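There are two complexes below, and they share chain A, which is joined by chain B in the first and by chain C in the second.
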Partner chain A sequence: MNFSEIQIIGEDETFKGLKSKYVWLFGGIFVFLCFLAMHYYSTYISFLFPISKGIPYSLISYIVVLSIGPFITLITSFDIVSSEIETGSVRYIISKVHRSSFILGKFFFLFLVFISVSTGIALISLIYQYSEGNAFQLKNIVLFWIFSSLYLGCFISIFLFISTLSVNNKISFTMSMIFLGILVFFFLQGQDNYLKYLTPFFYGVKNMEFMKDFPAGAGYLTVFESLFSMFLYMLVFLSMSLLAIKRRDL
Partner chain B sequence: MAISTKNLYKKYGSRFVLENLSLNVEKGSIYGFLGQNGAGKTTTIKLLSGLSTPAQGQIFVDGMDLSSESGKIKQILGLVPQDSGFYDERTALSHMVYYGRLKGLSKKESLEQSRVLLDQVGLGNEMFKRVGYFSHGMKTRLGIAQALLNDPKILILDEPTNGLDPVGIRQIRQILRECNNEGITIFLSSHNLLEIQEICTHVGILNKGKLIAESTIEKIRHLESNGVITIGVYNLSSEMISLIENLKFVVKTELKAEHILEIFVNSRTDVKPEINRLIVESGGQVFKLIENSLSLEDAFFDATRIKL
Partner chain C sequence: MLIGIVIGLVLFGFFEYLGLDQTYGGIIGALIVGTLIGKTICKGSEKYAFFSIFMYNLIGWILVFLLTSDGKIALQYGGIVLSAFVGVLLIMFFFYSIIGSFVAFVASNLSRNKEDEGL
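Take a look at the complex of A and B:
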């Protein structure tokens, strides 16, 4: 693993991503949907939350991230490796750098993009809160930023793994959609089914409780437990991506 | 040795595509890797450049083991793959700067070297053009340019002249000669036998995953036979042909026309008098007897046919 190689690949992806209209389009859609949800909260979705503690703008945004985030991540991540394999450009890169640097560079670029999107949404929540004259909920906004970044990071690592296994974009997209469907199915299996623990949805929804009511005292440990679980989830799929690219004939 | 492999095996599924491949590429040479379609040339190149891993065997590049020192090896190796995999929307210079940075150059160094190399391969005026607008020949030259970043010791090319017109082939040949004159060892695979003959100093012939011949260009020409004698006999008969084929220095014969026989020989001495005497004693009327040296093409077909 070479950090400068990872940095160069990540930088190059960022450079390409900034020039890509799709990155701006889907990032913009994401932010816009969060804005819409916050704006029309009082009119259409206020029945979902009690307003005793003020309008939970960060929670509203978090629900949008929970529901739309996986799809946006899929669209931006599915071809991150498979497109390079399909066109053959991966040979020019892998003949110069470690395979692990290639995967990690791609991952950190995607993670950076979605952290930026989460940051954007967090800032909009902050501004919205302030402009509506509501109480300042910095803690919730920070929690939103961390939870949504890790939640989306889990999906990035999943789709990166699938993209690494695929020989072309079509297969990568299909497999990613199928896998996402399987995760949704697992999550919907109910309380007693252990399959839900294999899905990022479970951890994402669990984090909503912390945003509604942050635990005091020893309850902090449950928050760290949740953060650690999501981080571990990301790490598992990232490790699988590294293993997959190591054994791959290019 | 610049490159050497020891007992290399590669499998796809249960099928061996390379078997017991042990080749040696001398430093400073231009090594031509010949073989029919599907012989395993591209697979070998992928193994040498780290794009693939062998099922068994070892690969040494500049004395370093590829399995444990791939990072160092990648810094001294330049690869030109068969298919151009450039990004259509990026410019030639942008590609070069990126690849230069991946090879360990700073941004400034990469930019400077890129401009020089693009000029060297004749793309100086096209460096700001998007690669999507490049012709096949231009992409090949860009491929060579990116492989030359950070002064590699070894250049590996997979069928670099494939699909090029004669002008393009000549340009590539010139570039490769210049690189070799600067001390770069070149390993290239090709179908183009004339091309190999023109530029290479050493040749390896691969047939169905096995290296069946490896030597200098001159020795390869004399691999199975070192000459071809064309004899014209007015009353040529099958008995005369059998007598000739029984001579110990005769590798094989080919009937080119009713009265014309080609005899492939392997001998250091002049055997024409002995052949002439044999035919005359059999009652033959010889009207033609000339000797030609074997081309690489003949040697290639000899080698691959005989081993089938």
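Take a look at the complex of A and C:
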């Protein structure tokens, strides 16, 4: 593993890759969906929240990220490695760089795109909050930014792992959908079930209360705990995909 | 596939004997059988895993219904409750089979090239 190699792969994907435009397009669609949800909140979905402390724009956008985010990451990242394996172009790349840097470069490219997407969403919700005359809640926005990037990063690492295992795009897409179904099934098993710890949905939903009001005092520990658990989840799937690419015959 | 069904039945009996929670038992059994099938069969292991897990769950539950006293009582009851119960069970089998086939896919792809490295 070499950091300059990772940087080269990431830059190549960002500026020259054919996939780049496609990923940015879907990121933009995602931002637009969040914008729509915030814009039409007051007319259509206001019955979801009690209007006592003003409109919780960061909460609305967080719910949109929680529900639509997995599908957007699936669409953008299911064929990131498997299309290269299918066309055979991966052989030319891994003869020049390490296999692990190839995977990490792809991961950082996608992660960068989705970090900028969540930055965009955070900025839009900040502007809305400001224009409504609410108090300037910078803490909530920063928390929203970190949590939604990590949540989307978990899904990126999952789909990257599946894409590394697959031979072609079709298998990768099917298996990603199946895995998403399994995660939803695990999550729907209920709160008193240990299977919920296997899903990123649980960690995402757990963070939703921080969007409402920032915890005072001992709350910092819980914030740190949930950040750490999401980071660990991401790291597990990333290391599994590194293991998979080392053992594969390309 | 036959080996998968037999191992699955043994595991099913084992979990039933332990009195483990149904969901955990089913998922752990599906994981073990899926890994085994993925390690032994390389090509198309997902289909084999799906069918064998579905089959052993089906056989296991039919045996439970026929052989235990609880099952006989449930059969005598009949009616809507029984059919709803069987429907829920079938959906659960389907989910276990999907989990098992996914595990088989992962296991087969991770272990496929172990023999090739020696060559």
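What we mean here is this: the second predicted complex is superposed on the first by the 243 of 250 C-alpha atoms of A that agree within 3 Å, B and C clash if a C-alpha of one lies under 4 Å from a C-alpha of the other, contacts with A are read in each partner's own complex, and residues count from 1 in each chain.
Definition applied: contacts are C-beta pairs under 8 Å (C-beta built on N, C-alpha and C of every residue); 3 or more make two chains touch, one makes a residue touch a chain.
Please read these numbers as outputs of a predicted model, since none were measured by experiment.
The larger set of touched chain A residues comes from B, when the choice is between chain B and chain C.
In the superposed model, A:90 makes contact with chain B only, not with chain C. Once chain A of one complex is fitted onto chain A of the other, the partner contacts of A:63 are absent, as it touches neither chain B nor chain C.
Of the two partner chains placed by superposition, only chain B is touched by A:98; chain C is not. When the shared chain is aligned, chain B comes close enough to touch A:5, but chain C does not.
Using the contact criterion defined above for the overlaid structures, shared-chain residue A:38 touches neither chain B nor chain C, since it reaches no partner. By the touch criterion defined above, A:175 lies against chain C but remains apart from chain B after alignment on the C-alpha atoms of chain A.
Legend: residue contacts after superposition of the two complexes on their common chain; A:247 is shown touching both chain B and chain C. The intersection of chain A residues touching chain B with those touching chain C, taken from the two complexes, comprises 247, 249. The residues of chain C lying in touch with chain A in their complex are 23-24, 27, 95, 98-99, 101-102, 105-106, 109-114, 116. Listing the residues of chain A that touch chain C in their complex gives 165-166, 175, 178-179, 181-182, 185, 189, 193-195, 243-244, 247-249. For chain A in complex with chain B, the residues that touch the partner chain are 2, 4-5, 8-9, 12, 16, 84, 87-98, 247, 249-250. By the touch criterion stated above, chain B contacts chain A in their complex at residues 46, 49-53, 70-71, 74, 77, 79, 81, 83-87, 98-99, 101-104, 146.
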